[in-house]
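Structure first, commentary second.
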Amino acid sequence: MTEALLEVREISKSFGAVLACADVSLDLRIGEIHALIGPNGAGKSTLIRQIAGNLKPDAGSIHLAGRDVTGWDTASRSRAGLCRTFQISSLAMEMTVLQNVVLGALGRRGDVFRFFHDPLKDTGLVEAGMHALERVGLRHVARDRTADLSHGQRRQLEVAVALTLSPKVFLMDEPMAGLGMEGSRTMTAVLDGLRAEAPILLVEHDMDAVFALADRISVLVYGEIIATGTGAEIRADPLVRSAYLGEEATV
Amino acid sequence: MSLILLIEQVLNGLQFGVMLFLMSAGLTLIFGVMGLINLAHGSLYMIGAFAAAAVAGATGSFVLALAASLGAAAAAGAIIEVTVIRRLYDRDHLDQVLATFALILIFSEGTRWAFGSFPLFLDIPDYLSGPTTLPGGIQYPLYRLAIIVVGLAVAAGLFALIAWTRIGIQIRAGESDREMIGALGVNISRLYTLVFALGAGLAGLAGALIGAIQSVQVGMGEPVLILAFVVIVIGGIGSVKGALIGALLVGLTDTLGRFLLPVVFGAFMEPSAATSIGSALASMAIYILMASVLIARPRGLFGAA
Amino acid sequence: MRRETWVGIILVLGLLAVPLWALAVDEPYTITLATRVVILALAGVGLNVALGLGGLVSLGHAVFFGLGGYAMGILASHAQSYTPLAEWPILIEGSKSMPVIWLVACAVSGLVALAIGALSLRTSGVYFIMITLAFGQMFYFFSISWPAYGGEDGLSIYVRNEFPGLNTLDPIQFFGVCYVILCLALLLVSKLSRSSFGLALVAARQNAERVQAVGIEPYRLRLVAFVISGVITGLAGALFADLNRFVSPSMFTWQTSGEIMIFVILGGVGRVMGPVAGAIMFILLEHFLGGLSEYWHIYLGALLLGVVLFARGGLIGVLAGREVAHD
């Protein structure tokens, strides 16, 4: 059995009377892409927010590389190797593309309280940043202002910043959102190459991408995981077909 | 220290508190509905006081003076809302601070130009002057008692307005979801002008009521404005209930602090040192209260989490 | 070189040229005016670290300006009356030495900034503005009601404090001291804004979530920025008190906070030279509009309103063009 780098153990979260997350358990193993799918309102973002540390679960625990991180804040989890990309691009928009990746490299190195050290003249940081840009195909726009990038390029930059952190685990919230056909294909290729580096927990609506990429898929409906398995297993699962795929299942 | 003196101080604290509520209610509504921080709220307080003093001087009627304070401040509020403030709703807080700070400069110097630098006096009318006897034989100034009554009545009216009227429903809708009220077909810009004028009118009324106890002068609004900020930070931004509780807390803490701290220090110090240390610490009491609330609840007592 | 750099160099050289010219034609008042500009610019440079780089809208920077002023006033008044500041637990004497006073001013402002920052940075946005304003008012009322150091009347210091090897009573020499400090502060802030710390701080202003996601806690960045900011403004307060040889609670008023903010905004927020341009503009306005009308604050208000509503970017923005992300 392969070791799980990220383990979510029976976490629950409710808002008032609404149970947004009911006894959810899932794990992420070395080398895999584990996709989390589910209809809108199934509780995917609530789950992501709990894993990333924006939201505290009412019960259950979250383990990262063997350590219990349930009580940790976002920044501490990030330093421990959990790297998140956002559904809506979350970047320093007035900075250059390079500055954004250098910020990531700086966070990775962890010595941010240096007052006379120019990070853009630090070859280590700049090379790490450029390397990450190279991998997502953004090297040529390194000096551009982030706000001037196209939507697709911002999604790529989001992933590039994640790469600079060389995390143990990626947590990606709809990296394909708003991308065209071409963009989705490029992104799929990038993610495909990433899993060897660190496993990805992928929340995604683009089913073509999910079935092309995922080693395992978990289906979240009404805050509950109703099935976990390979693409073929999920396609065949009657519960999933009736609950999630809707009328398709009745055929 | 007598019990009667203490009760009198508690009443003074209440009077100070309801006056702060009149200031803070408008500020917190304006923030809650429009998301705007308005430093010029103190100028509206000043405008109310000056309008009251001018009308009282011309007509001799205190009731007309109060009506004038409400009307003048509400009108000034509506005018600045239409000309300046509405350009600021979708700006960041820094722009709001600067623009409303600029309004303070304009209002203060404009008032100084129109009325001169000397303070005006607004007299308490005969039928409200002098002391009255409360149950228990406590002698208390009738006018201050009237302020408490007026303040509580306005508070009750405001709560009723928000709870039961059409405008109130729109205000509550606006606080929870700004786009929503537009979708409901509410005329947003009219609602905003109305809320701003309402808040301004309350500030003006407070200025007139206090103007009769203190003097009416340029710059009278800003210290009260900052106290109202303390009230809002304690109560939670956007909450009228929080503003009421916060205002009473601040009013009582300040008044009783000034009264009690010198007495407390007097128990183990020589009187003159006790007075100076006590009053210096009393001047900090409400800020310490604010800091304590912040440590426990960074969003205030009734603020959204 | 970029246009903004050129504008900066011209401003700094111009600020040096004016008092030198005034010295040549024997106009000591102009030298004093220039010294005022330099000191107010320094206060603005301080605020700019919090406001411009960190995006922290502090309306309480008068606290640090006033603390710097009182550090000077209290130390010098004790030295002037030959009474120690404290005899227990250790003997603390007053001082007439500028470097000592500066050190104390910086230390006190820094500590208070740490306390105020630690509390008020728990919140953000409007709360932060209101809380910093409220703490400013607290110091103001405290300075009025604490009778030991003049209360409402303030403290007069009869002779300007000493700097080794200089005659500080000579206006041009005192100007020189202040000018050098301003240049050092500008250099420091310019380095800071390009440093790792500066990059993370500016990023936290633009997008705090992003900074957290790379493992950096915005709270700590902002707290450090707030302390640096307070220290610089405190130093300006000590110099300002020495210029006037007088301190009073008016240094603690919210108007002082507002005016320091006006320099930064008029000059161009977040730009290293912004406060210098703003302070020059403010003193010129005060001088010329104040000569035109007793009510010059009306015009200042109208101007500020115009800048906020229609001319984002301030004076440096007009002179040097839109802000570009430096690389």
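The chains carry the letters A, B and C, assigned in the order they are written, with residues numbered from 1 in each.
The rule we apply is simple: a residue touches a chain if its C-beta (ideal position, glycine included) is under 8 Å from a C-beta of that chain, and two chains touch if they have at least 3 such contacts.
The structure presented is a predicted model; accordingly, all values stated were derived computationally and were not measured.
Taking each chain's centre as the mean of its CA atoms, A is the chain most distant from chain C. Comparing each chain's Cα centroid with the centroid of every protein Cα atom identifies chain C as the most central. Centre to centre, using the average C-alpha position, chain A and chain B are separated by 49 Å. Averaged C-alpha coordinates give centres for chain A and chain C that are 44 Å from one another.
Centre-to-centre spacing of chain B and chain C amounts to 31 Å, using the average Cα coordinate of each chain. Looking at chain C, one finds that none of its residues touch two or more other chains. In the complex of the two chains, the chain C residues touching chain B come out as 51, 57, 59, 119-120, 122-123, 125-127, 129-131, 133-135, 137-138, 141-142, 144-147, 254, 258, 261-262, 265, 269, 295-298, 300-305, 307-309. Residue ranges on chain C touching chain A, taken from their complex, read 191-192, 194-200, 202-203, 206-207, 209-217, 220-221, 224, 323-325, 327. Here chain A touches chain C in the complex through residues 52, 73-76, 78-79, 83-84, 86, 90-96, 98-100, 102-104, 106-108, 110-120, 143, 145, 161, 164-165, going by the rule given at the top.
Taken in their complex, chain B has these residues touching chain C: 31, 37, 84, 87, 93-95, 97-99, 101-106, 108-110, 112-113, 222-223, 226, 229-230, 232-233, 237, 276, 279-280, 282-284, 287, 290-291, 294-295, 298-300.
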